[in-house]
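Have a look at these structures, which come just after this line.
In what comes next, chain A is part of two complexes: it sits with chain B in the first one and with chain C in the second one.
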Partner chain A sequence: MNIRVNGQTLHFSKEKMTIIDLLSSYQLQEKIAVVERNKEIISKEAYRRTELKDGDMIEIVHFVGGG
Partner chain B sequence: MISERYSRQQLFVPIGMEGQNQLIKKHVLIVGAGALGSANGEMLARAGIGKMTIIDRDYIEWSNLSRQQLYTEEDARLSRTKAKAAELRLRAINSMISIEGIADEFEPEKAERLLEQVDFVIDGTDNFNTRFIINDACAKTSVPWVYGGCLTSYGIVLPIVPGKTPCLNCLVDKLPQEGRTCDTVGIIAPAVQITASYQTAECLKYLTGHKMSQEMLNFDVWERTYASINVSKLINPNCPSCSEQATYPYLNKQQGMQTTVLCGRDTVQVRPNQVKSMSISALTKQLKPLVDSIRDNGELLMFTIENTRFVVFKDGRTLIHGVNDVQKARKLYQRYIGA
Partner chain C sequence: MLKIGDKTFRSRLLLGTGKYPNFQVQKEAVAVSDTEILTFAVRRMNIFDPNEPNLLEELDLQKYTLLPNTAGAKTAEEAVRIAHLAKASGLCDMIKVEIIGCEKTLLPDPFETLKASKQLVNEGFTVLTYTSDDVVLAKRLEEAGVHAVMPAASPIGSGQGVVNPLYLQFIIEQAEIPVIVDAGIGAPSDAAYAMEFGADGILLNTAVSGAKDPAKMAEAMKLAVESGRLGYEAGRIAKKTYATKSSPEAAMME
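Up next, the complex of A and B:
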């Protein structure tokens, strides 16, 4: 399936994929992030059960401390 | 000459002559005079903010020069304080405004005192510990501020209006600790410049009477990605920092990072209160390429760097052997463990 992540279209060969799988692929699963799917913010508790669909638009913003 | 100085900025319609006249009456506090503090400081001084205060506890090192734009080789050679060097450089850039550099730690009492006099705060810090002090102090005094963070080629920016938009504590329920800092995974100047540009733009908007963005944005200048999320719904009505029943936990010194000098052992203990457990394996992976003789015994992590020996416990408590100066220990802790 194709998912648009932070403006870039990415192809995933997996048929089933959740938000947590997506965050893991960016090594962001343990970091503090805000995730939006099709303009709706997904609560952290729902990351494991929220399945992605072809054409989903995902925005991920994670916090960093540097500066 | 005076009228010409800001002419191009005044031609920009959202600012105009009226906005420019506002800017000269404002006082901005910049917390941290590192990369973000330097970049914001230079833009705001050139923009003609009437009064600027810049506070930083650090001194200039050679490794700062790749991105901390206010400093020169001479500053590094002489180990000048960032506060003083920033003040001198900003005065040379704009002698028509008032600039004060304070070489000190932004600790809670000082934070509250400084905030009583300012209109806006720029986050130029490099750690969450200080950011949460900014967050609480700004909430308590109702001063808006803009969070900025950058690492590698990535940056994040969020304007915060206490009581009206989500604060850092609404969005981040514990101090992030993942061993990733500018001193471990690096940073490139373009990431600094973009982050600071968004911060300064929001500051100029606010000071000239415009509404700041409610979006938390991030970008990766190397990967050329960009994302922006409207976080206004995430305001926490029970937030300990910004709600009506706020207790301002980070202004209470017990809540912040605690340091204790272990007498006679040339050791400082650093204890970050907000951490319940940290991933030793993630930290090990992060530090392995940088340090000597790293060892994880399942209960704690030991490694040697910069002539000091770190012992990191699972609850985040860390012993730093080979130092007896609290400031130096804090700096080392923030450099290699984070937050």
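Up next, the complex of A and C:
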């Protein structure tokens, strides 16, 4: 399936995938980050049960330097 | 003590975390500044480089309160989205509402700013709003329930210092919430000046991060804010046109 992550289309060969699978595949599971799926924030508790669908738009954001 | 919402702070200097020459210098500047509130922006993570250094991961979060900003937002809706993302980190409930209405001056869009501030107050955020030196807008923001107003001293990153002290003083006089002068500070004297005429705090970033020696400037700003505050509390003398002798006239030798 194709998922749009932070503005880039990424292809995954898996048929079933959750948010935690996506984060783990980039070693991001321990990071201080917030995940939005189709403009809806996914709580950390829901990472394991939230399945991704083809065409989903995911934003993975964090805090960066700013004034 | 500076009280914002239900939190109390010893330091009256709020420090931005953008644009430091490197990570080490940034950490030093933050430590020396003695700040308790650090601002951050919310942005996409570089998922292909998970080990990119990130200040937040090295901070003692017991020691600092995070003040994420909504920078990048041009509408109330975008600002509210960023605020929600920031809060979902579980690390903070404060938000700096910053909605730019003009790219050249980086002055805020007053309508969107008021709208977003109202909504976020209603949702239970502790709201600190970046605004211009507009006296009436500052009043409207206070009426909307924001926890602090943050008028700019001059345009963001310009280092021009306090360009309209009169309007800032009007804002301070009328406000019953903290007034934090945010943006435009260049030199320690700018920070001290705003504190002397009654600002409750100073938020700055470029003045420190862009200085030749950021850590030294962080210390200078810390001292300037403390000094300005002491001066305000002490109550300065009134200005007079002509001189007044400091030494007694009496008992002068013949």
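The rule is short, and it goes like this: the second predicted complex is superposed on the first by the 62 of 67 C-alpha atoms of A that agree within 3 Å, B and C clash if a C-alpha of one lies under 4 Å from a C-alpha of the other, contacts with A are read in each partner's own complex, and residues count from 1 in each chain.
Simple rule for what comes next: a residue touches a chain if its C-beta (ideal position, glycine included) is under 8 Å from a C-beta of that chain, and two chains touch if they have at least 3 such contacts.
As the structure is a computational prediction, the values presented were derived from the model and not from experiment.
Q: So in the superposed three-chain picture, is A:1 touching just chain B, just chain C, both, or none of them (first/second/both/neither)?
A: In the superposition, A:1 contacts neither chain B nor chain C.
Q: With the two complexes superposed on chain A, say which partner A:20 touches: chain B (first), chain C (second), both, or neither.
A: neither
Q: One more residue to check, A:28. First (chain B), second (chain C), both or neither?
A: second
Q: Return the chain, chain B or chain C, that is in touch with more residues of chain A.
A: Touching more of chain A: C.
Q: Does the superposition put A:61 against chain B (first), chain C (second), both, or neither?
A: It touches chain B and chain C both.
Q: Mind working out whether A:36 is in touch with chain B, chain C, both or neither, as first, second, both or neither?
A: both
Q: For chain A, what residues appear in both contact lists, the one with chain B and the one with chain C?
A: 5-7, 31-32, 34, 36, 41, 59-67
Q: Which residues of chain A touch chain C once you look at their complex with the stated criterion?
A: These residues of chain A touch chain C: 5-7, 26-28, 31-34, 36, 39, 41, 43-44, 59-67.
Q: Applying the document's contact rule, which stretches of chain B touch chain A when the two form their complex?
A: 32, 34-37, 123-128, 131, 148-151, 154-156, 171-172, 174, 176, 178, 180-182, 187, 192, 195, 216-218, 220, 223, 225-229, 231, 233-234, 279, 282, 338-339
Q: Residues of chain A touching chain B in their complex?
A: It is residues 5-8, 30-32, 34, 36, 41, 59-67 of chain A that touch chain B.
Q: What residues of chain C sit close enough to touch chain A in their complex?
A: Counting only chain C, the residues touching chain A are 16-20, 26, 39-45, 47-48, 50, 54-57, 66, 68-69, 71, 81, 84-86, 88-91, 156-157, 183, 203-206.
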